[in-house]
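Paired with subunit B in one complex and with subunit C in the other, subunit A is shared by the two complexes that follow.
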Partner chain A sequence: MDVRYMYLLVMIVVSIPLLKPMGLPLGTISVETTRMYQYIDKLPSRSIIVMIADQSPAAAAECQPAMVANIQHAVNKGHRVLFYASRTDAVPFIDDAMKVVLGATSDHPNYGKLYVNLGYIPEGELGLKGLAADVFFTGRDAYGKDLRAMEFFRDLPKKDASDWGLIIYYGASSVDWVVRQITDVYGCKTAGGVAAVLVTRMYPYYPHSIIGFQTGLRGAAEYEVLVKRPGEAAAGMDAQSLSHLAIVIMIIVGNIGYYASRRKPSGGG
Partner chain B sequence: MSLVVKRYIPHAVLVATAFFLAGDTLLLEKTYNDLATSGVKAISIIGSFAVLISITMLSRLHVRRIQRRRTVIESSVLLVCMWATMIWGLFRFAVQGVSPLKEFAVQQVFSGIVSPGDATIYSILAFFIAAAAYRAFRARSIEATILLGSGVIVMLGKAPIGEMIWGYFPVLTTWLTDVPNTAGVRTLILSGIIAVTALYVRIILGYERGWMGRGD
Partner chain C sequence: MVTVETLTILAGGAMTIALFSYLWRENLAFRIAEHAYIGAAAGYGVLISAEAAWRLLEPFLKAGLWYWYVTAVIGLLYLFFFLPKYFWLYRYPTGLVLGSGIGVLLARALKTQFLEQIRVTTIVTDVNSVLVAVGVICSLFYFYATMEHRGAFRYVSRIGICFLMAAFGVSFGATVMARISLLIGRLKFLYFTDPAYYLIPVAIALLIIGIVLDRRKKEQ
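Now for the complex of A and B:
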C-alpha cells in the first residue's frame, strides 16, 4: 500500500478530534499522577517548588500543559515557585506558563514574593549543583532584579536545596541528574512532567526518589482534571486515543496481510 | 608548543579540578564547599563563552557557504539573518536594559519561527512511525511477538480509549512498566554508570587523551 495513504489516515485521525472534540472520557487517573498531586497538596503552605524547564519546542506539546497545571496547583495552595531553564530554548516557556496562570510575569504583584524566574542556568547538571548549593547562585533573576532584595528568599534557613519542598523536571532528556544532585544530596524529592519517551527511565527511581510524575500528554490531562483546570492536554486526548488506535489497527492489519501472503501457494504450473 | 603545555598542564588541571569537585560532594567544610561553589560558577561562565565560540564557528561555516554559493544556501542566508535578531536583542539589553524576554522582536522570532518549526519537525515523526509500524512491525519470532504485544498493550493502556475497549489494558500496562521495564532500565542505567566511571578513571589516569586535541 502506498505510504501516502497511511500519512493521510494519520492526518485525518489526528485532525478531526482536534477540530470537533468527541468528549471521550479520560478514564482512571494513574497512580503516578495522583501521588504527585497528593504530595504537592500536602506540602506546608509557602513551600518552595522548583520547576526546571528543560523542554524543547518539540517536547513542549507534552510538558507545557503539565507545567501550567502544576503552577495552577501551586497557586491554589499558596506555595512559592522558583523557575529556571536548563536549556536556552526553554526560557520563553516559563514566561508563557506564568502568563497563562498568573496573567503576568515580572510585573505580577507577587513576583519576588511567591514567584521568581531565574532564567537560563548553563551547564545542566553543574548549574543545578551550583543552584542547589547556593540559592543566590545567579545573583539576579531573568529580568535583572537582585535576588537578595526579594522577599521570596528572606526566611530560608540554609539558602540551599534543603529548604526546597519539591523539584519538578519538565523535559525529554533524562531526570537522573536531578535525582543525583538534589534528592540524593539534599533529600528534596523529585517529580516530573515529562515527555512519554522519558517515562521508562523514571520507574527505577519511583516511588522513593521520584514521588510521582505526569506521563506525557495523558499525565498532563489527568493533572488538569485534578486541579479542575481543563486545558490543552485534555483537549488533545481524543486525538491521542484515535491515533494510538489507528496505529494499533495498522500494525494488526499489516501482520494479518503478512501471514496471509506467506500462506499463498507460490507460482503456478 | 612543548609537550608540557599541550599535554601535562591540561592533564594536571583536569585531575586537580576533578578531585576538588569530588571532594565537595564528600566533605562538609564550609570554606571548602564555598570555594567549590565558586568553582562551579566559574565553570558555568566558561561554558557560556563556549556558546559564543560555537556561534562564531557556525556563522563562519555558513558565511563561507554563501560566499562560495555551494548547493543550498537559503538556510545559510536565514542563519546569518538571525544575527540581526541576536544583535538587536544584545543592543536592547546592554544599552537600553530591556530583557530579551520582554523584547518583542526576539520573542516573535522564537514564537513565530523557531518554536513552530521545531515542533513541526518532531510531529513529522508521528507519520514516519505509523508507516514504519505498518510496514516493518512483524511478529516473525517469539521475541518480536513479545515486543509487538507489549507495544500494543502499552499504546492502548496509555490512551483513554484503551480502558474503554478493555478495562484490563491499564492494569497490564502498569505491570509491564513496573516490572520488566524497570528491571531492564535499571540494568541499562547501572551499566551506563559503570562505563562512565571507567571512562572518567581512564581520563584522570591519562589513558584517554582525545579531549586534549592533537598533541603532536
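Now for the complex of A and C:
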C-alpha cells in the first residue's frame, strides 16, 4: 500500500474535528498538571514566576498554549512574571503570549510592575546561570527599558534566583540545565510546559525537583480546563484523540497484515 | 487593501503548503520553501543575537569600562571560520565558549544527574517509587555484561527489558502526539487564518495537476 494514503487518512482525521468540533471528553486531568496548578495556586501573591521560552516554531504548537494558560493563572493570582527566551526563534512567542492574555506587551499598565520581558539571553545554561546570580544581568529588558528603574525588582531581598517562586521551562530540547543551575543551587522548584517528546526526560526529576509539568497539547488543554479558560489546546484535543485512534487502528491492521503474510506458505522450492 | 500582515499570512500559508507537498513527493516548491525557511531563520537568528550581545555589552561600555570591547573582538574572531588561512583564530572563541560551558555543566551535572538521582531512587515512599527503584535496578542489570545472565539473574534482566520497552513505548507515543500537535497547529493556521484558507483550493488544484502530469509521464 502506498504510504501516501496513510498521510491522506491522517490529514482527513485531523481536519474533520477541527472544522466540526465534536466535544470529546478530556478525561481525567493528570497528576503532573494538577500538581503544577496547585503549586502556582498556593504561591503567595506577587511571587516571581520565571518563564523560559525555549520552544522552536516546531514545538510552539504544543508549548505556546501551555504558556498562555500559565500566564493566565499567574495573572489571576497576582503573581509577577519574568520572561526570557533562551533561543533566538523563541523571542516572538513571548510577545504573542503576552498579547493573548494581557492584550499588550511593554505598553501594558502593569508592565515593569508585574510583568517583565528580558528578551533573548544567549548561551542557554551560561545565560541562565548569569541571570540566576544577578537579576540585573541583562541591564535592560527586551524593549530597551532599564531594569533597575522597574518596580518589579524593588522589593527583592537578594536580587538572585533565591527570590524566585517557580521557574517554568517551555520547549522540546532539555530541562536538565534548569534543574542543574536553579533548583539544585537556589532551591527554586522547576515546572514545565514541554513538547510531548521531552516528557520521558522530565520524570527523573519529578516530583522532587520538578513539581509538575504539562505534557504537550494534552497537558496544555488540562491546564486550560483548570484555569477555566478553554483555548487553543482544548480546541485541538478532538483532533488529537481521533488521530491517535486512527494511528492505533493502523498499527493493529499493520500487525495483522504482517502476521498474515508470515503465515502464507512461501511459493516455489 | 493588501497590508503587510495579509502578505505575511499568505507567505506563511504558501510556505506551509509547500513544505507539506513533500508528502506527495520531492518537488521544486518544497525545495524553495525549505531553503527560504533556513535562510530566514539564520538571518533572524543573527539579528536577534547581535541585538542581545549589544544589550549585554552596552552598560559596561557606558560605564567607561573600555576593556569590555575585548569581548566583542573575541566574538568577531568567529568570522575567521570562513577564511581557511586564518581558521586557527576561530578556535579561540570556540575554546572559550566550550571551556566555560563544560566547566559550568560539569560542576553541577555530577550532583544533579548522578548523585541526586541515586539518592531519590533509593527513597521509597509509595508504590510508584518502588516501581522506579525496581525498574532502575533491573534495567541497569540488563546492561551488566561482565557476568552471564543465568538463573535468577536472567529473570532480573528480563524484567529490565520489560521496563525498557515500556519506556520506549512511552517515548514513541509521546512522539506521535507531538507530531500530530504540529500538524494540528499548521492546519488550524491554514483553516482559520484569514486569508490563508484561500490557498487551500489553489494547493489542491496544483496537487491534482501534479498527479495528472505524473501519471502521463509514467504512461509515456
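Heads up, the rule we're going with is that the second predicted complex is superposed on the first by the 267 of 269 C-alpha atoms of A that agree within 3 Å, B and C clash if a C-alpha of one lies under 4 Å from a C-alpha of the other, contacts with A are read in each partner's own complex, and residues count from 1 in each chain.
Just so it is clear, a residue touches a chain if its C-beta (ideal position, glycine included) is under 8 Å from a C-beta of that chain, and two chains touch if they have at least 3 such contacts.
Given the structure is predicted, the values throughout are model-derived calculations rather than measurements.
**Q** Using the touch definition from the top, say if A:134 reaches subunit B (first), subunit C (second), both or neither.
**A** A:134 contacts subunit B only, not subunit C.
**Q** One more residue to check, A:75. First (subunit B), second (subunit C), both or neither?
**A** A:75 contacts neither subunit B nor subunit C.
**Q** Once the shared chain is lined up, is A:18 touching subunit B (first), subunit C (second), both, or neither of them?
**A** A:18 sits against subunit C, while subunit B stays out of touch.
**Q** Per the contact definition in the header, classify A:62: touching subunit B only (first), subunit C only (second), both, or neither.
**A** second
**Q** Based on the superposed arrangement, let me know which partner A:150 touches: subunit B (first), subunit C (second), both, or neither?
**A** A:150 contacts neither subunit B nor subunit C.
**Q** Just checking: does A:200 make contact with subunit B only, subunit C only, both, or neither of them? Give me first, second, both or neither.
**A** The answer is both, since A:200 touches subunit B and subunit C.
**Q** Touching A:254, do we find subunit B (first), subunit C (second), both, or neither?
**A** After superposing on A, A:254 lies in contact with subunit B but is clear of subunit C.
**Q** Could you tell me if A:123 is touching subunit B, subunit C, both of them or neither one (first, second, both, neither)?
**A** both
**Q** Between subunit B (first) and subunit C (second), which, if any, makes contact with A:26: first, second, both or neither?
**A** A:26: touches subunit B, not subunit C.
**Q** Counting contacts the way the document defines them, which residues of subunit A are shared by the two interfaces, the one with subunit B and the one with subunit C?
**A** Dual-contact residues (subunit A): 7, 10-11, 14, 58-61, 88-89, 91, 119, 121-123, 126, 129, 137, 144, 176, 185, 196, 199-200, 204, 215-216, 218, 240, 243-244, 247.
**Q** Tell me, which parts of subunit A touch subunit C in their complex?
**A** Answer in residue numbers: 4, 7, 10-11, 14-15, 18-19, 58-62, 88-89, 91, 119-123, 125-126, 129, 137-140, 144, 172, 176-177, 179-181, 184-185, 195-197, 199-200, 204, 208-209, 215-218, 232, 235-236, 239-240, 243-244, 247.
**Q** Going by the contact rule at the top, pick out the subunit A residues touching subunit B in the complex.
**A** 1, 3, 6-7, 9-11, 14, 24-28, 30-31, 56-61, 88-89, 91-92, 95, 105, 119, 121-123, 126-127, 129-130, 133-134, 137, 142-144, 176, 185, 196, 199-201, 203-204, 215-216, 218, 237, 240-248, 250-255, 258
**Q** With touch defined as at the start, can you tell me which subunit B residues reach subunit A in the complex?
**A** It is residues 25, 33, 36-37, 40-41, 43-44, 47-48, 51, 97, 99, 101-102, 107, 110-111, 114-119, 121-123, 126-127, 129-131, 133-135, 137-139, 148, 151-152, 155-156, 158-164, 170, 174, 177-178, 181-182, 185-186, 189 of subunit B that touch subunit A.
**Q** Under the stated contact criterion, what part of subunit C meets subunit A in this complex?
**A** Against subunit A, the touching part of subunit C is residues 23-24, 41, 44-45, 48-49, 51-53, 55-56, 58-59, 97, 100-101, 104-105, 108-109, 111-113, 116-117, 120, 167, 170-171, 174-178, 180-188, 191.
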